[in-house]
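Next come two complexes built around subunit A: one with subunit B, the other with subunit C.
Let's look at the complex of A and B:
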């Protein structure tokens, strides 16, 4: 097994563009043979990190290692990487058929039958110029290359901009089935966190160039929850300082607080206080971790108002 | 090598093993020809268009003047208008194909080597075609109308080797110039092109000024006479190689634009 060497390892990785720091002291380890979600807001540094890891860009400081080696200009590492990015450029007048002819030259595990099946699945017109493709069809080109290449390390950077729900489901299904048959390392960056939550085995969240979460997905799922109950009880519970408050909503005398750091002790404490614990999605956790917190002052009022609005709308119906 | 270890996940039985260094370069060549529209069809169409325009114009001249003789167009062979497209082609090859090649996990080094190889193949191909056409032009007395399209004053009535070398040198020179523009654009974007354009004008004017102030024009003329047409075509390969290397140096730290 190859688990001894992690697929990706960075230490103190920093990337600056002029005065802007896109990656700030990033230290992450992504295990081989996993599907990892690289999550974060627009401009958080996800694409920059993938650019550095695939040798498209160079680090300003620190180190990036892929399969134990530096990726930049390193053919022996790069030839095992497929990098599918939303902004991929193609030569002028290229058609999808040209891509499907040329990509196999670069990926030794390329499966032409699989590619053909995916072309059918995504209903991709092979003989139309890439410039004339819709956004979704353009994304399909990348997704097909990423899946059919079966590269030991595959990056999908926002792979499905413009893909409809059916096409996205096809992508998830094909990815999981093929991943089960041909285990490899997949790094997936996306905004549709809820959609991919069940796929992910490992989660890395970056915000403003810094890593704010790096852990197995299973761990994340259990550690955050909403605590709901009478305001006084909730406040007393929070005052014991065992959890971190990420977000708070209040409606009348009831408070609902999204907290991070749930364990068995906390769980028992909440239940003994007569509070309700409801699980939150990965997306909720990440949203509150990457910016939701900043709006703390304004958000509760606005959300309560929205909640009330929704209620009245429902009552009218 | 750890490469053996990392092959394991996802590897299939049919896998042929990692590409050798020549294969890595050769697939870049193939990438440039994956879509032959820009690399083969467009330049041939341009050559054909130039041929037709010059042939028709020359036919008109002969018809209007009633003189069955060569008109002034012989000083500038029609084919010279073929060369600018080679710059455009090289710019495109270095810009968009670079982004695509890196997207396919190629190294910049392999990309440059493959692109140079493609330039050589491309120039050799056009050189063969144009040389053949130049002989045809002779045998048909300028396509029946004394047209001079594939004859340059450089080789005049020179032999096969001289013609092949002349066409080859000029095409490859243009491509290497284009590759510098393409690479500078990829690396420094539009600003880079302005600086490069300005610098080239200054260098050119500076050289002319230097030669003029020092009254070296006689020596320059003497040099052209001394090296002869074959010598000049061969010497042209030197700046071509220089430009190719400059292009690669610019690409070495370039990032595909998003």
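Let's look at the complex of A and C:
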């Protein structure tokens, strides 16, 4: 599915705002024709990266290329991009119907029938002033524009604030079926990692402005697991040095350690030592990799409770 | 239906294999398209395609140009042979490990298996009897 030119390529990309470094030496490649998750905590630099990639901001250092070209002030690139952001502003008097009638001026692949079907799916009132829409309805406007524009490169930056679980599922389903019919490049930035994990082909994780994970999603599955067993056995397993410890908990004589770097050899070693291996989700892996809880809404209560009593054995990068 | 901790494409391949072994997908019948698998399991189409292609590489499925994917003749026997070799690793060894932990020797274990098997054939209903 990938073509020769990647959809996005950055090299040493750095963005500073005064003394603050928002992006620090970011080098990533996002293949064309993929759904990529751009994940990380609030303030990690995800939105800054998308601003640079969509030509709304200039790099301080390094380079960003979209479809092989610099995006800033480059109409031939920018016309192929849809950027759906949480904080999208509309003219004061606008109603959703005005958004949908003006969208085809900007997106040559705009499908009005698909947009109309999505309006029904999300039960969006077309004639209400945008200012009077609920938060979820406002998010639906963005999601509809992002899907029906079928832009070769679409960014969804936290697109669904206020959308309920049913509406989010509609978004995922429509995205998957339409993406299958009209392959394109989609970059999805979200805190709801568990919900989107299976949709992703590629995962990029940013923490404090740096890329800490850039990998095909399938390679991440099974790479991390919790190793559970008698403390002495677990410690002996860890001492063999084949895995990296991300998180450790103990209860009585039992230790449960979240480790990264599992392969067939390590798995066999653990099982032969009588240890249990419990899979962890992409979300758990990223929470531990980014040093805490992603945000309050995404973190289940149990996770927060576990954190209060946590003891970190391994070094974080 | 999709488990954590295991590549999704392997799970897709295994589910197709199960359907072939159980007869839900007959030999020479057409299998769903990659996009249908993706929509049904709510997974990325490229991932579903990787699972299907794995079975094409193994000769279990074959492609009819412009029509779709089909189950190869003889696929069921091939899969059953493959699963039988895995059976010892996947089921028998873990069973022996657990039995050893509880002090059940292999002879007693084999007696337990025969008892359970006799019970299962005596009462076809899935509900379990008391004790």
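Note that in this section the second predicted complex is superposed on the first by the 290 of 317 C-alpha atoms of A that agree within 3 Å, B and C clash if a C-alpha of one lies under 4 Å from a C-alpha of the other, contacts with A are read in each partner's own complex, and residues count from 1 in each chain.
Note that a contact is a pair of C-beta atoms (placed from the backbone, for glycine too) under 8 Å apart; a residue touches a chain by one contact, two chains touch by 3 or more.
Keep in mind it's a predicted model, so treat the numbers as computed, not measured.
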Problem - Partners on subunit A (subunit B, subunit C) - clash or fit - result: fit
Exercise for the section: Considering only touches as defined above, state whether A:280 meets subunit B (first), subunit C (second), both or neither. Expected result: second
Practice task
Could you say whether A:288 touches subunit B, subunit C, both of them, or neither, answering first, second, both or neither?
Solution key: neither
Problem - Touched subunit A residues, subunit B compared with subunit C - result: B
Exercise for the section: Scan A:78 for contacts with subunit B and subunit C and give back first, second, both or neither. Expected result: first
Problem - Touched partner set for A:51, first subunit B, second subunit C, both or neither - result: first
Practice task
For A:91, select first, second, both or neither according to whether it touches subunit B, subunit C, the two together, or no partner.
Solution key: first
Exercise for the section: Quick one: classify A:200 as touching subunit B (first), subunit C (second), both or neither. Expected result: second
Exercise for the section: Report for A:168: first if it touches subunit B alone, second if subunit C alone, otherwise both or neither. Expected result: neither
Handout entry: Overlay on shared chain A, then closest C-alpha pair between subunit B and subunit C (Å)
Key = 15
Exercise for the section: Sort out for me which residues of subunit B touch subunit A in the complex. Expected result: 1-3, 5-12, 15-19, 21, 24, 27, 30-31, 34-35, 37-38, 92-93, 96-97, 99-100, 102-110, 253, 255-258
Problem - Complex contacts: residues of subunit C adjacent to subunit A - result: 2-9, 34-35, 38-39, 41-47, 50, 97
Practice task
Would you mind writing out the residues of subunit A in touch with subunit B in their complex?
Solution key: 2, 5, 32-33, 47, 51, 54-58, 67-69, 73-83, 85, 87-95, 98, 101-103, 105-109, 111, 150-153, 182-185
Handout entry: Complex contact set, residues of subunit A against subunit C
Key = 1, 34-35, 172-173, 176-177, 179-181, 198-201, 217-218, 221-222, 225, 274, 277-281
